[in-house]
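To start, the structure itself, in structure tokens.
In order of appearance the chains are A, B, C and D, and numbering begins at 1 in each one.
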Amino acid sequence: MSAASPTQALLLATILFATGLLGVLARRNLLLMLMSIEIMLNAAALAFIAAGARWHAAQGQVMFLMILSLAAAEAAVGLAIILRLHAAGRPTLDADTGNRLKG
Amino acid sequence: MDALLLPLIVVFPLLAAGILFVSAGRLSARPSCVIGAGSVGLSALLAGRLATGFLASPPPTGALHVTLWSWMQVEGFSTRIAFALDPLSLVMMLVVTGVGFLILLYACGYMHDDPDIARFFGCMTLFVAAMLVLVFSSDLLSLYIGWEGVGICSYLLIGFWHTDTANVVAARKAFIVTRIGDAAMLCGLLLLATQAGTLDIAALLHIVATSPAQLLPTTAAFLLLGGALAKSAQVPLQTWLPDAMAGPTPVSALIHAATMVTAGVYLIARLHPLFMAVPPAMTAVALVGLITLLLAAGSALVQTDIKRILAYSTMSQIGYMFLALGTGAWQAAIFHLVTHAFFKALLFMAAGAVILRVHHRQDIYQMGGLAPAMPDVFVAFLAGAAALAGLPLLTAGFYSKEMILQGAWHANPLLWAGALLGAFATAIYIFRCVFIVFLGTRHTEPTGRTGATMAIPLACLAILALAGGWMEMPDTIAPVHLLSHLLSPLFGTPMAEGPSWLLWAGSLVPLAGVGVAWLLWRPRTQARRPPEDAIARLARTGWGFDTLYDTLLVRPFITLGRLNQSDICDRLSDATAATARAGGRMLSHMQSGQVRRYAGWIAAGTVVALCLGIRP
Amino acid sequence: MSDLPFILFSLVAACAAIMVITRAVPVHALLYLVVLLLSLAGVFQALGAPFAAMLEIIIYAGAVIVLFVFVVMMLNLGRTDRDRERHWMAPGIWIGPAILACLLLAALCITLRALPPTAGPDTLVPIGPQAVGIMLYGPYVLSVELASFLLLTGLVSAFHIGSNIRGTGTATEEA
Amino acid sequence: MIALPALILLPAAGGLAAWLSDRSRQASSLSWWVAITTILLQALLLLVITRTADWGHGPWLAHFSAPWIPALGIAARMDMDGLSLVMLWLTTLLSFPCVILSARDVGERPGLFNLLLLATIAGINGVFLATDLFLFFFFWELMLVPMYVLILQWGHEDRRRAAIKFFLFTQGSGLLMLVAILGLVILHQHATGIVTFDYFALADTPLMPTAAMVLMLGFFIAFAVKLPVVPLHVWLPDTHTQAPTAGSVLLAGILLKTGGYGLIRFVVLLFPEAATRFAPVALALGVAGILYGAWLSLAQDDMKRLIAYSSVSHLGFVLLGIFSGSPMGMRGAVVQMVAHGLSTGALFVIAGSLQDRLHTRDMRRMGGLWQALPHLSSVGLFFAIASLGLPGMGNFVGEFLTLLATWRVSPPMAILGTVGLVLSAVYSLTMVGRAFLGPPHAGQGTTHTPPPADFGPRQMTVLGLTMALLLVLGTYPQPVLDLSLPAPAHATPQPEGPHP
């Protein structure tokens, strides 16, 4: 049987998602956390694509597009916030100090 | 007419009490005296009128019944406020009103300078009213009103001089100890009411006569005995009486010598068929009486406070009455009750007169040689002491004690021997008191004089203490049986008399006792104080009952209560609140604002949700 | 269709993902992220989604990563940052997250295993841009609009947050 | 009879009037006069009700019914039987000391105080009358909220805590009762298809034994908190201690009695079988309450706390009587409630007056007050003696009848109950001894420049009348005994009797 089965793609998506989660939880650098989130989003996107392939449906890729736009918006806003924090005197980008809402 | 008089006897003192309480100290000494003593005097007159009428033409049923009103009437139980006058209550009525009046008259002189005299007479008249209710009631529950009523009056009067903490504590102790007995008695009443559906004495006694098993008589008798023991200061609930001497002396004379403490005797005599149906209870009564009379006589031998001597002597004499009750010599018990009321009230009042004139000192070793200074009081006290010791022929105490000894001899010679030993001790301790107080060297100079209001009652009672016994004599001396005859409808004919040497023994032993007392404490040999030894100390403190109860019951109870002062249940509810608060704080710690931690929680939640989701 | 490219791309993607989250220097991580995205594009291609693969390369590996690169450049990171990052990545820190991630992985794997066996066709038929386009502008036109709104809000908020960055924090609060 | 709702509306309206009259700020005592007038009018109204009641036509004496929410089967239905009448009289009588003695001395915002006091009284009247469960619940809550505010606003030093505790306990238990009410209504609907909150209809609901037990427990716990029964009593000492005097009197005198009333009306009569099965537990709880309350009362230094724990002890007798399963016990419980209301209410008046005069409730700092305050002290002594159950006072009648009824069921329980009587003597006399008798406390008399004022004619009159009532209740309790047996739930009253 074909190795490129949707099931295996889902397995890859799972692994990627768990890795991304690991990154989000373990890294204190906001930039790295953002990247880890990108990984997780990609994992989700992969799951959609795989599902689309499994059912021969175009909806999977439609959802991929949605995720893509979401990731783009999220990256834009997140990076803007990072810049802002950096400019406001938090050069370390430590996520654990994020609870100090004041700059 | 008589049916109206009977409640009136109670109403007069009650009314007086009401007036005195409501006036609340606005009355001065003289009107208080007039209202207080006058009301009881009026009652005494009415009682005399009633008694002559009763004796002249006894009611056909043997008792005069007056039902006042229905007190409680519910399903399966009803009780009435009802009075009955039969020979027993007649005797008691005469004692209470007669002796009561004399003591109140005496109190007019004794308490003359006290600012709270209105309160004093209010409590005293209330006491007389309650005692009369106790005596008259033909229903055990209305008797219980009087029973507790005299208790609370005793509380109020022992603590009359309430600025001294010791008096307050003594009053409280007296009430609580008797209350323990009252609780037992209430249990007995509950039992009887459950079994019989009524507490009417006549109805109860009828059931006892027909089908005693219905009443569970053993349990009932012992429970009622508990009440009687506490009220009459018998072992093991006797500890309150010596402390009760904290009250003014007229109070001691009226309540703690003549009337209230004999209520237990009255109760048992009143319910004697019930007790006769239960031989173990009779034995218990006799034994309690014997033990008490010996223990109390022993304590009285070593006391130094004149009122405490008399208090222990009261316990001892009531022990005699219990012994008589326990041996079935009912007439003897009542006879001794009457004569004891005479001579003990006399002794207390004479002692009060002495105390008043030696600046409220009560230690007999601080008195001494008072006979020349107050010959009248000395004579009165001597009369009382002779009657108490039971000096033969001349005194009332002799005849009544003789009757008790006869009864004890019939029941068990051992009881008789014990009682005789008690009589010997009685003569010793009271004449020790007489010799130390009135003879020998004088230690305190008496002042003032004994007024007429105090002297007249003393004289009356002295006559009664000597001559009061002539209403009942042994056949050997003279066949006079006025009291037995009067009481015979209730108690039946008294037992036949024993051999005449009993009489000789009973006459000689007190004389021997007086002789011993003379040898030990005659003026020449009087020591300043007797040497102390362990037994004397133990006897003086009432044989350690107080200490025992204190360590076994009072202290643990108080300590545990103190430990739990803030209520363990409350602490538990507070703990619940604290747990909730701590939980909230813990959860609020989760809201740390740290993004990674949130993400962690989200992930953990996802894991949990997935685990739950994949479970089939 | 051969399954070799799929396996290769998958392995590369997994390794690249692990490299991304373990780098101390953000730029290195970014480079690995590019690798990850490109290999994912390959995976998409292998799964028969050429359109998605192209978008992945153009938008993700292109636009988004460029955004990241710009930010990293503006942050002006240096040796101290790298050292601090190393310090933050002490082994002990990884334990808890690793356990959690493993738990999630296990749970997801079990879920996958619990799925009913695939009943579909064995062969993958590529779905071209045309089909996607028809779908997008057919039944999913509303979500396209939503996505555009999302991008617009992202744009506006990024602009707002990023504007006036020269001034201090208080200045923006007033704005 | 339209007078029944008037009995509830009158205090409410009077309270509003008192509040409004205070707002003008013309005369500070105006609102007090309004409140007194209201109370007097209430007493008159109750007298009229008593006179015109439907005597001799069955156990129910008066009725009132008006539709309220017909869709849910809720009606403003009130019925009065002898038990309600007794409790209403108790409420009316005790409002006099509350208003005349305590409300007079309220410093700030007397109008609001009177409003809340009268609102509570209105709620209590409603509780004693309502025979629609929804309406009952409504009044049940109505009497709590004003009381909560009273404690919170005019209480003593630790009032916030006490008020919140009071509210949590009573509200939580009220919620339990609401659940039980709804459960009963739903079961009734399942059985008959009719949605109704009517007491008499619900009393006929056929219930499984388990369901009946669960529902009964719901009601029982709600009322047990109020009564209070021992493990649930913890709100009471704090609340009584911290409440203003009028609040304490109202709480101890009447509010607790709603618990006893509820136990009779909504536990024993609504679920007779379940209550019979539950009786041994309830009796044990009652005895535990008697002994535990007395024991803790003995250990207290705070006078109000002592009285509060003595309430716990006394109300144990009420529980004992209610669950003894005989009419005698029920009657005894009612007499005990009335007598306890009068005696403990008066004791709280006295404790409150002492606090006003000495600024302390701690008995370690009192002593020898008799010399300075002879009237107050003698009144205190009287009520302490009444509370220890002296025969001839109302308390004894109640205690004796409940114990007699208990003895028939279980002699050991009754014996333990009499032990409680001994303990009651201990704590009552200890209180008297520590506060009123003995040598004067070192800190008093000498340092206080003006000696504290003794009770004047106003207080003596009111308390004297209370004493007289207690004595009458103790020596001639038959009227109360005759009235106090509750009408059975199955004897549905006529909608409107021949005598309106």
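Before moving on, here are some points about what is shown:
Rule of thumb we're sticking to: contacts are C-beta pairs under 8 Å (C-beta built on N, C-alpha and C of every residue); 3 or more make two chains touch, one makes a residue touch a chain.
In this text, all values refer to a predicted model and were calculated from it rather than measured experimentally.
Across the two candidate interfaces, B-D and A-C, the one carrying more C-beta contacts is A-C. A separation of 66 Å divides the Cα centre of chain A from that of chain D. Each chain gets a centre from the mean of its Cα atoms; for chain B and chain D, those two points are 38 Å apart. Centre-to-centre separation between chain A and chain C, using Cα means, comes to 5 Å. The distance from the centre of chain C to the centre of chain D, each centre being the mean of the chain's C-alpha atoms, comes to 71 Å. The residues of chain C that reach two or more other chains are 96-97, 100-101, 104, 108, listed in rising order.
Among all residues of chain D, none touch two or more other chains.
Looking at chain A, residues 21, 25, 28 sit in touch with two or more other chains. Interfaces, counted as pairs of touching chains, are A-B, A-C, B-C, B-D. Chain B contributes residues 21, 24-25, 69-77, 81, 141, 144-145, 147-149, 152, 155, 159, 162-165, 168-169, 171-172, 175-176, 179-180, 183-184, 186-187, 190-191, 193-194, 557-558, 560-562, 564-565, 567, 569-570, 572-573 to its touches with chain D in the complex.
Interface residues of chain B, counted against chain C in their complex, comprise 600, 603-604, 606-607, 610-611, 613-614. Chain B makes touch with chain A in their complex at residues 592-596, 599-600, 603. The residues of chain A lying in touch with chain B in their complex are 21, 24-25, 28, 33, 95-96, 98-101.
Residue ranges on chain A touching chain C, taken from their complex, read 1-12, 14-23, 25-29, 31-32, 34-36, 38-39, 42, 45-46, 49-50, 52-62, 64-66, 68-77, 79-84, 86-89, 91-93, 102-103.
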